Amino acid sequence: MISWDVLGAWLCAAMVVWIYSFAYRDNALYKLAEHMFVGTAAGYSIALALDSLNRVVVSPAVRSPGTFWTTSWHYLVPVALGILLFAKYSRKYYWLARYAVAVNIAVGSGLALRTVPIANIVRQITATILPLWGSDPVKVLNNWILVLITLGGLTYFLFTIFPRVAEGARPSPTYRVYRSLYYIGIYGMMVGFGALFANTIMTRVGFLISIYLIYIQPEAWAATVAAILAAIAIILGILRKR
Amino acid sequence: MKTARGLLIPVVVIALVAILSGVGWALRIQLYSPKTPFSAFLILVGLLTAGYFFMTEARAGKSVPVRRIPAFEAVEEAVARSVEMGRPVHMTFGFGTISSSMAPQFIAGLGVLSHVARLCGKYGAKLVATLGVPEAIATTEEIIREGYYSAGRPELFDPTYNVRYLTDQQFAYASAVQATLIRENVGANIVVGPFWAESLIFMEAGNMVNAFQIAGTARETQIPFFVLVADYSFIGEEIFAAGALASGDKETLASIRGQDVGKLLTIVLVILGVLTLLAGLKLVDALNWAWKVG
Amino acid sequence: MSEMSALSSLEKILGSKELLYTLLLLSVILPILHPLGIPVEISRRTIDVYEYIETNLRPGCRVYIEVYYEVAARGELEPNLIALTKHLFDRGCRIVYGSLSAFGVIAFSLFKSMAADVLEGKEYGRDYVYLGYIAGGEAATASLARSIKGTISVDNYGNRLEDLPLMKEVDKATDFDLVVIVSSGTDIFAYYVRQWHTPYGVPLLFACLSVIAPSIEPFVGAKQAVGMLVGQRSAAEYEVLVGRLGLGIASMDAQSTSHMLIVAFIVIGNAIYWRRRISSKRGGSR
Amino acid sequence: MSLVLRKYVPQTIVSIIIVLTVVFYYFYVSKEIAGTFTTADKALSDWVVIIMSFALIVGGIDILRFHLARIRREGMGQAPFSTVTIALLVLMVVFALHGWYLSYADPAAGIAITTQPQFRWLYLNVYAPADAAVYSILVFYIASASYRAFRVRNPMALLLLITALIVVFGNTTIGGLIWPGFLPLRDWIMTVPNTAAFRPITIGAGLGVIILGLRLLTWREISWMGRRE
């Protein structure tokens, strides 16, 4: 009667309700679900790690040793470096792990240095160079807003180079321009934040609907039982605190 | 004299690039990649040399004025308050790895951590740092140890309590962090680093225990949650400045000036581009120009 | 004075998260069970996608669909996938599904059980094929574009690809008339643009979560994709267009009620705040 | 000498790799060399994948140690829970290893590490629903956060509230019933001010990457090294 599939559906439903119960109050069942989650997640990452090791190194080396030893022998270097990571548990040889981390951070940083000047800087500049006049008033207004908010935001992020005004002195024109751009920047960014925040509500509600979909299954009774258990756990938790 | 020496390497590098490009162009050599805009390379070299120049200046003893960052100043208040209430301070910096483009934000988080750790040592607060990056466990331990030892409170340092590597899987990490916030009943919740959807989970869990919350990230989509929900927030790039300020290292702070040069350059290029459009010139084409011979 | 205490007790009730959370749960689930039937205005963007498929795909066309979303994103993306699949089958197309992620496999099996009516009468292997999880990220995308059979040898259910009639006809990117990417991550869209569209010129169609729409908008703007469907809103519109009303349209009602609930809380919260603020100013110090 | 091995050699490795990856991306010498470096690039990314895999395994051991320490320190209140974590962690790894073994011992069965039946059962019934649940718990949090966050305390908050309301009404079908103008207005906000607002942040994040690269190149960034000396 009770197969692994039914048990699985039960567990699946229970995990969701127990985790949701945290939104109301921390309780023992949430703690259980959380620890189960962390355990499987940690196991899952190790499995993913083994899987990529298998795919990149072990499988080519076993399945076609000829090509591996001629073209991909250098993969043994990162394997050796990876094993060095275990040196961090040693009091004396902890620094050996740095060799592996060094390769990692250098490749990451090097790869980022290639794409970032183009994607994050040149592309953004070219996208901001827009005509601020023309026959279409709506387009012109949009362009003004785009350029001003972008420049304003950049001004807001100036940390060490900016005009200052001496105590009691009249603010210079540069300072006035700086201040107004600064405020355009921060107000413009606030509009963006408000819009993004509100826009996210939609996706989050969508997620709740996805969860709801789990429960239109034959084993829906399992969810009910799990929910009742969670409610009991919450009430017990409150009673114990008092 | 010292400034002159600081200028030497930047000038040499720029001259080298200029001479190389000039000769290459004159001889019609395909010197640079035909796929990438040449301006990107120039901007990269320019910013690296500018940053290097400021760093040498700082080494020579020149200090840099920094704009007020309210959230940074609030960190001390947050730590002091939670000591008053007898509650621990919590800090987390995400699960973005150090081998990706999230590295700067992650390192900014570590910088803020060292500041928090020093303050915890000063006020005698218990610090709980949670993390989702296995490579950073040793670093985190070291930073917290340093914070407590430099303040003369080695007895507060207990690595299994202070440093908690939870897991690198996003939501398992998030679920464990929110539970930690509640169960430890933290008084201050400081969240700085690269964050994804888990940002709001941390903010709401912190709110459930009425913690004083300071948060910051440079990940565009998550900034709104921090700005709207936290008591104080670092908006975008402010975390880099805060990380540099917190590290207390003059040269690191000076390198932030290189970033400012980048922003000024962007402002100038945008204004120039818009103005030259008036004259019918297209700066965009110049910026997109790639080195192609023949 | 009694007004103030009434206000503060009201604030306390509203501020208690239990009430808000319970109401929120109800406001999402009830409209799905009993849709209100609020009319959906169909946006230009969705009509463009619909018309593209109507005009460019003839019976016998072959389409590749990337299924790349986790269970949590089902609510937004599965209705899109079902509506698109229905439209493509109605046009007489044949479909090869594949996933570049392990969770895509779960998503596909759930999709199959939810879209049983759409898949009814369609034969596995002849009308559609599911390749299953293909490991390797962007490198795998590039490899698939060159040759599917050179990348993997069996489908998700262990059948050899050579034995499937549909797979005899298709192997590389150019064999497909359209590629649909249904994804909850941003990188996947870039992979297909770089590895399928740029070198081979295959038309791409995107279906994404509404939160990530801004980040893939540039691809559509640059005409690297023929169009995009964004979240549940597009799914609802597309369901109306293909005439299979499903979860998409029901979710729009749930979206409306839950959003209105949140708006109501914001408005009442502000009203109480200002009422207290004004009366405390009048009454001097609090 | 020891300091050289402990500190300077790793830092030199960092500088050399960064310089090489950047230089061979922007410079172009000949077609052959460009081709070689494309292959080298691919190899280097694979190197990172391999090292990251080991880092994840080390991380797993750290989780094990952390929970063992908690059992020792916190006693019976925590012990059952930590035992669950440890047991599931070990089980997942054992199943994964079994799948790995089968993929070589019996390739015809088509079982690999992540498709081992018991492993998949745990993944599908514990990990996947928990992951989805934590992700979607955000719907509650975003509701209570909006209730608190959109309090009009100052003009800036008013601006925030107005944009948020426009987007909310534009997103939902009920907004269209109230006033059809919400949808175009929402689209305008999302394409014009929203794009502009996030552009400086994108540029700033990019500049942060460049300056971090500089600090790594000049050996000023040592936080990745773990223990200081």
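Labels for the chains are A, B, C and D, by order of writing; each one numbers its residues from 1.
What we mean here is this: contacts are C-beta pairs under 8 Å (C-beta built on N, C-alpha and C of every residue); 3 or more make two chains touch, one makes a residue touch a chain.
For clarity, every value in this text was computed on a predicted model and none was experimentally measured.
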Of all the other chains, whose mean CA position lies farthest from chain A?
C
State the pair of chains with the top count of C-beta pairs in contact.
A-D
Indicate, using Cα centroids, the chain positioned nearest the centre of all protein chains shown.
A
Here the gap between chain C and chain D, centre to centre from mean Cα coordinates and rounded to Å, is 22
Centroid spacing, where centroids are CA-atom means, of chain B and chain D in whole angstrom:
16
So the centre of each chain is just the mean of its C-alpha atoms; given that, what is the distance between chain B and chain C in Å?
34
Can you pull out the residues of chain D that are in contact with at least two other chains?
22, 25-26, 48, 52, 55-56, 58-59, 63, 114, 124, 128-132, 134-144, 146, 148-150, 160-161, 165, 168, 171-172, 190, 194-195, 198, 200-205, 207, 209-210, 212-213, 224-227
Could you list the positions in chain C whose residues touch two or more of the other chains?
17, 21, 28, 71-72, 210-211, 233, 255, 258-259, 262
Residues of chain B that touch at least two other chains are 36, 40-41, 44, 97-99, 101, 103, 135, 137-138, 166-169, 171-172, 175, 221, 223, 225, 228, 235-237, 256, 259, 262-263, 266
Chain C to chain A touching residues, read off their complex
17-18, 21, 25, 28-29, 32, 71-76, 78, 110, 114, 135-136, 209-211, 231-233, 247, 251, 254-255, 258-259, 262
Looking at the complex, which residues from chain B come into contact with chain A?
36-37, 39-41, 43-44, 64-67, 69, 97-101, 103, 135, 137-138, 166-169, 171-173, 175-176, 178-179, 182-183, 221, 223-225, 227-228, 235-238, 241, 253, 256-257, 259-264, 266-267, 269-271, 273-274, 277-278, 283-284, 287-288
Looking at the complex, which residues from chain C come into contact with chain D?
14-15, 17, 20-21, 24, 28, 38-41, 43, 70-72, 102-103, 106, 133, 139, 154, 158, 210, 214, 217, 233, 236, 252-253, 255-263, 265-266, 269-270, 273-274
Within the complex, chain D is touched by chain A residues 4, 7-9, 11-13, 15-16, 19-20, 22-23, 31-33, 35-54, 56-57, 62, 72, 74-75, 77-79, 81-83, 85-86, 88, 94-95, 97-114, 116-117, 119-121, 124, 127-128, 142, 145-150, 152-154, 156-157, 185-202, 204-205, 207-208, 210-211, 214
Would you tell me which residues of chain D are touching chain A in their complex?
5-7, 9-11, 13-18, 20-22, 25-26, 43-60, 63, 81-82, 84-93, 95-97, 100, 103-104, 112-114, 119, 121-143, 146, 149, 156, 159-168, 171-172, 188-190, 192-207, 209-210, 212-213, 216, 224-227
